[in-house]
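Quick one: the structure is below, and I'll ask about it shortly.
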Amino acid sequence: MYEFDWSSIPGALPLLGKGLLVTLEVTLTAIVVGIGWGTLLAVARLSSNRLLSFLAAGYVNLFRSVPLVMVILWFYLIVPQALKGLFGQDIGDIRLVSALVAFALFEAAYYSEIIRAGIQSVPKGQVAAGLALGLTPGQTMRLVVLPQAFRNMIPLLLTQAIILFQDTSLVYVIGLSDFFGTAYKVGDRDGRLVELLLFAGAAYFVICFTVSRLVKHLQARFIK
Amino acid sequence: MNYNWNWSVFLTPVPSGETTYLGWLFTGLQWTVALSLSAWVIALVVGSIVGVLRTVPNRWLSSFAAVYVECFRNVPLLVQLFSWYFVLPELLPPALGNAYKQSDPLLQQFLAAMLCLGLFTAARVAEQVRAGIESLPRGQKNAGLAMGFTLAQVYRHVLLPMAFRIIVPPLTSEFLNIFKNSAVATTIGLIELSRQAQQLVDYTAQPYEAFIAVTLLYVCINVTVMFLMRRLEEKVRVPGFIGGK
Amino acid sequence: MIEIKNVSKWYGQFQVLTDCTTEVKKGEVVVVCGPSGSGKSTLIKCVNGLEPFQQGDIVVNGTSVGDPRTNLSKLRSHVGMVFQHFELFPHMTITDNLTIAQVKVLGRSREEATDKGLKLLDRVGLKAHAHKHPGQLSGGQQQRVAIARALAMDPICMLFDEPTSALDPEMINEVLDVMVELAQEGMTMMCVTHEMGFARKVAHRVIFMDQGRIVEDAAKDDFFGKPHSERAQQFLAKILQH
Amino acid sequence: AQESPTLKKIKDTGSITLGHRESSIPFSYYDDKQQVIGYSHEMMLKAVDAIKAELKLAKLDVKLMPVTSANRITLLQNGTVDMECGSTTNNLERQKQVGFSTSIFVIGTRLMAKKDAGVKDFPDLAGKNVVTTAGTTSERLIRKMNEEKQMKMNIISAKDHGESFLTLESGRAVAFMMDDALLYGEMAKAKRPGDWVVVGTAQSKEAYGCMLRKDDAGFKKVVDAALTKAMTSGEAEKIYNKWFMNPIPPKGLNLNMPLSDDMKALYKAPNDKAYE
Amino acid sequence: MIEIKNVSKWYGQFQVLTDCTTEVKKGEVVVVCGPSGSGKSTLIKCVNGLEPFQQGDIVVNGTSVGDPRTNLSKLRSHVGMVFQHFELFPHMTITDNLTIAQVKVLGRSREEATDKGLKLLDRVGLKAHAHKHPGQLSGGQQQRVAIARALAMDPICMLFDEPTSALDPEMINEVLDVMVELAQEGMTMMCVTHEMGFARKVAHRVIFMDQGRIVEDAAKDDFFGKPHSERAQQFLAKILQH
């Protein structure tokens, strides 16, 4: 029987807290930028402009067919080159920046698919009604279609956010320490890997479960 | 950048000499494919059962299914894999656990990764199956029951055939994800595709070539899967219904 | 044939049916009408056990629906039901829609079932469409197939839940025609509908429901002559006005 | 000074970026305050001092950047880090991409096993499960040995040393083959360090060096001079004793790994040769 | 007011509208009827440019709809439209539904818009529901709000596309009543509907469409008296039968 020894966890809490901060930072940026950029992509993909919709589709399919680890790695290896070209020599520590960029661009591809489905779930008649009132196509999209699309897609947006929150751990490939990575490193350093990972798993479960309950609750309250 | 490109590295023999580095990549590819496909079978079977259970009018069964889904989707895959590989054998009776741990390591790694990936994806498949069933008009179930079908027959003949057709596109995404997620098996030592990339970097010190090759291989897998699923979608398309002719 | 005795039903706190009692005799055609949300669909679904109820009892052809020992599947296979939205199975051809329950529930051979199905399809005038899928038919055609599907089980009685309300005005009649014919042949029918023309033509009795109660249960002529309750008068006035 | 792009860059920017590992105990790792410490790290700081003196800089800004085995070469090449001292083996494949300083450590690849498991040396492993860390020289050697001597071992390649040890500890493998210094490190972390022993004849020797950009002789010369001076003056041995013969952070473990003959030889005559 | 001149429209290969010509004068009420799929909705959507057409022209109040230089948004803001499925915006309160276009399109202040909106809401008898969301109203109430929403823009004419066909029979009348009132006040109206009672009461002319063509375009009494075309006779017979 395995002997569990949880003694290294209390001392590691401040470190784990720092890791959690990185996780949250990456998650929130990716959600905000991903949804913003993803919405633009979704609208472009549904637009009647062939070129625009082709480009958007290409972007989405490309990002969706490469594992996230590879995307993060590529950004880490290529972004410094690009930045160097732009700003000259010293670019300092770009780990966090390149992780943020990689996640945001990657998640945008997923969010755009969800939002596209959301837009398509809004009855065509709603667009006709908006236009018939004299709203411009842009206003109709902004005031009528998108609010409903987001509302319909809250469960899926949430599921994706939870996946994203968990996927943040992949930043280990570029040596950035998020919550999971910190737990792993502490476990490795102290020879208590199993304990630290179980602890991390429990923490993830509590956070994800609480957030999803909370969102369901809010959704039930505000959406009639 | 002072990087020495050397694409011929793939054709040079590996240190033990029995194959080339390209051969290694293909062995990795084989493991990735074998692992993903077998996990996909588990995911489909378990996911369908759990998804159906979530919709049946029995509180015990449906809350069991709900608990399953919550547990498997709120814990990171890596932690789950770790638990399957390192923790679970410790919970078995010592004799059984030790016998298992002394068996062929490759078998242990593959089993743990397959179960983990399969059951993890099953939770997500279950959600899709449930959504598919719930997207059908309620009247369909009633119509089946009203004709004298038992509940099981209603699921078998009426609800599931339609629900599965509806969820082919989201299932395609899950199928793609399982290939990408199979890369976590590397953490318990299974030499699948992404691990071979790492090996290549370690052995040849040619990281760009290795990463480019592996990225391309993943893209190939994806294109193939998308193509096959598109074909399937066309094949099962119902005339006069969603996107049918 | 169908006896409904003091049936009450709740959805959580909300009472949908309050103490409903009525009866449909063999060969009788009864029309159920009433405002939206009055519980018509719920009542008719209770008859073949699609909705459970908490009080009272319903006896169909001697079998109690409320009794937990009753084999509901068996009971339902003798009671035909037609829905507002047809509810054909979209992934099967028309022929398969007509035969599957015959084969799986009644245990008929595939040939026998197909024979029977095609005969009934011919009767509703759609033999030529046997190989198509439901999505390829118009609403009126789909509803006629749905009626044929129910008839294929040799039902002892038929339940209809607003069979024409999802149809285009022009198609309503092709379905009503089939129903009129069925009534004239002596089929026992319980029929939720607002087609008062149909009620006038073939109903023996009309039941008017409001807020989960049977407010009026009268012979056709009495009902159209002058309903007792004020609510039914109002309703009739509105529905016949334009 | 000689023409050296790296030195020029350091001079121009007034800063140097050092690559380090996060959990290579006791070479280069984080203590519990997230400070980088370790034997290799101290050696690297010796070199930094020399660079500062060479360039006559009043102030040199030292930036630290964690690297992994997967990205250390690329980060060095693309200029993100200027030099890396951790537990990187100097070998011929790597020399095609990067340069190496004078070696700072020599290890032998050996075995760790449970005291009472009856494993004394490599031949005892025939037909058993053996674990090693993926991508290491040990992995190559043991696979080759298995092939050549028909030993019918099941070789498990774990992702990192921590997992390798876990595999050993949980009873999946009877022995863990790795660089001896790292084995001592893992042993020190174990729940019961006394249960484990490092055994066996060293299968190969490897030299750890600091990675520098290739073809930057000017920079290498400064670094080499600093490292050589530290080793020949006895400073290096003091550092060695601090990290290998005394309790070290974060938990006050003592690796108890006496100075080997190879190390003594290295300190006497520092060189930048790769074994093999 | 509305002139439709030789309009033809294709969906890919399929011709939906063939050479349609008609006119609605100021103050006139025109009812459009015809079988399902005959192009009624398409025609009415062409009038305010919701559907583009390939041939012919439509002129509304002097502005050509087909002209690419026309500011369609501006045109549409003068033409009220009411849909079969109401199409209220479900994420806004009733008040917001009534005011948003006034504010965003006509540039009215929020107070002015709310004032106007509430006045019209009162007119359709729903002032008490101003703070609710559309999902909390019955179908008939929603459709009345939709009419008020269109009226809030001070339209010069109103288009209706089967405004009652998604409603329960009892609710049809509350909507028709509002429409009758509007017609009697002299609003120019073009109205797709199968409610022949309504047509009899207020229409000046009836247009009958079949397979994308205007088959019959006659004064109300001529149409109900005896339509010229056989197809229209058939249709009328079916629709008035039960």
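Here the chain labels run A, B, C, D and E in written order, and each chain numbers its own residues starting at 1.
Keep this in mind: a contact is a pair of C-beta atoms (placed from the backbone, for glycine too) under 8 Å apart; a residue touches a chain by one contact, two chains touch by 3 or more.
Each chain and its UniProt protein: A = Glutamate/aspartate import permease protein GltK; C, E = ABC-type polar amino acid transport system, ATPase component.
For clarity, every value in this text was computed on a predicted model and none was experimentally measured.
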If a chain touches chain A and chain B alike, it appears here: D
Taking each chain's C-alpha mean as its centre, the one farthest from chain B: E
Centroid-based (C-alpha) most distant chain relative to chain A: C
Between chain D and chain B, distance of the C-alpha-averaged centres to the nearest whole Å: 38
Distance between chain centroids, defined by C-alpha means - chain B, chain C (Å): 46
Chain centre separation in whole Å, for chain E relative to chain A (CA means): 45
Residues of chain A whose C-beta touches two or more other chains: 2, 73, 77, 81, 193-194
Contacts with two or more other chains, residues of chain E listed in rising order: none
Per-residue overlap in chain D, given as positions that touch at least 2 other chains: 70-71, 74, 78, 163, 166, 170
Contact pairs between chains, per stated definition: A-B, A-D, A-E, B-C, B-D, C-E
Complex contacts: residues of chain D adjacent to chain B: 69-71, 73-74, 77-78, 93-94, 96-98, 129, 134-136, 140, 143-144, 147, 154-159, 163, 166-167, 170-173, 213-215
Interfacial residue positions of chain B with respect to chain A in the complex: 1, 70-71, 73-80, 82-83, 86-87, 90, 94, 127, 173, 176, 180, 183, 194, 207-208, 211, 214-215, 218-219, 222-223, 226
Interfacial residue positions of chain B with respect to chain C in the complex: 137, 139-140, 142-150, 153, 157-158, 161-162, 165, 238-241, 244
List of chain E residues in touch with chain A within their complex: 45, 48, 50, 72-74, 76-81, 83-85, 87-91, 100-101, 104-106, 133, 135-136, 149-150, 153
Sites on chain A touched by chain D in the complex: 2-3, 5, 11-12, 15, 18, 73, 76-77, 80-81, 84, 89-95, 172-175, 177, 185, 187-191, 193-194
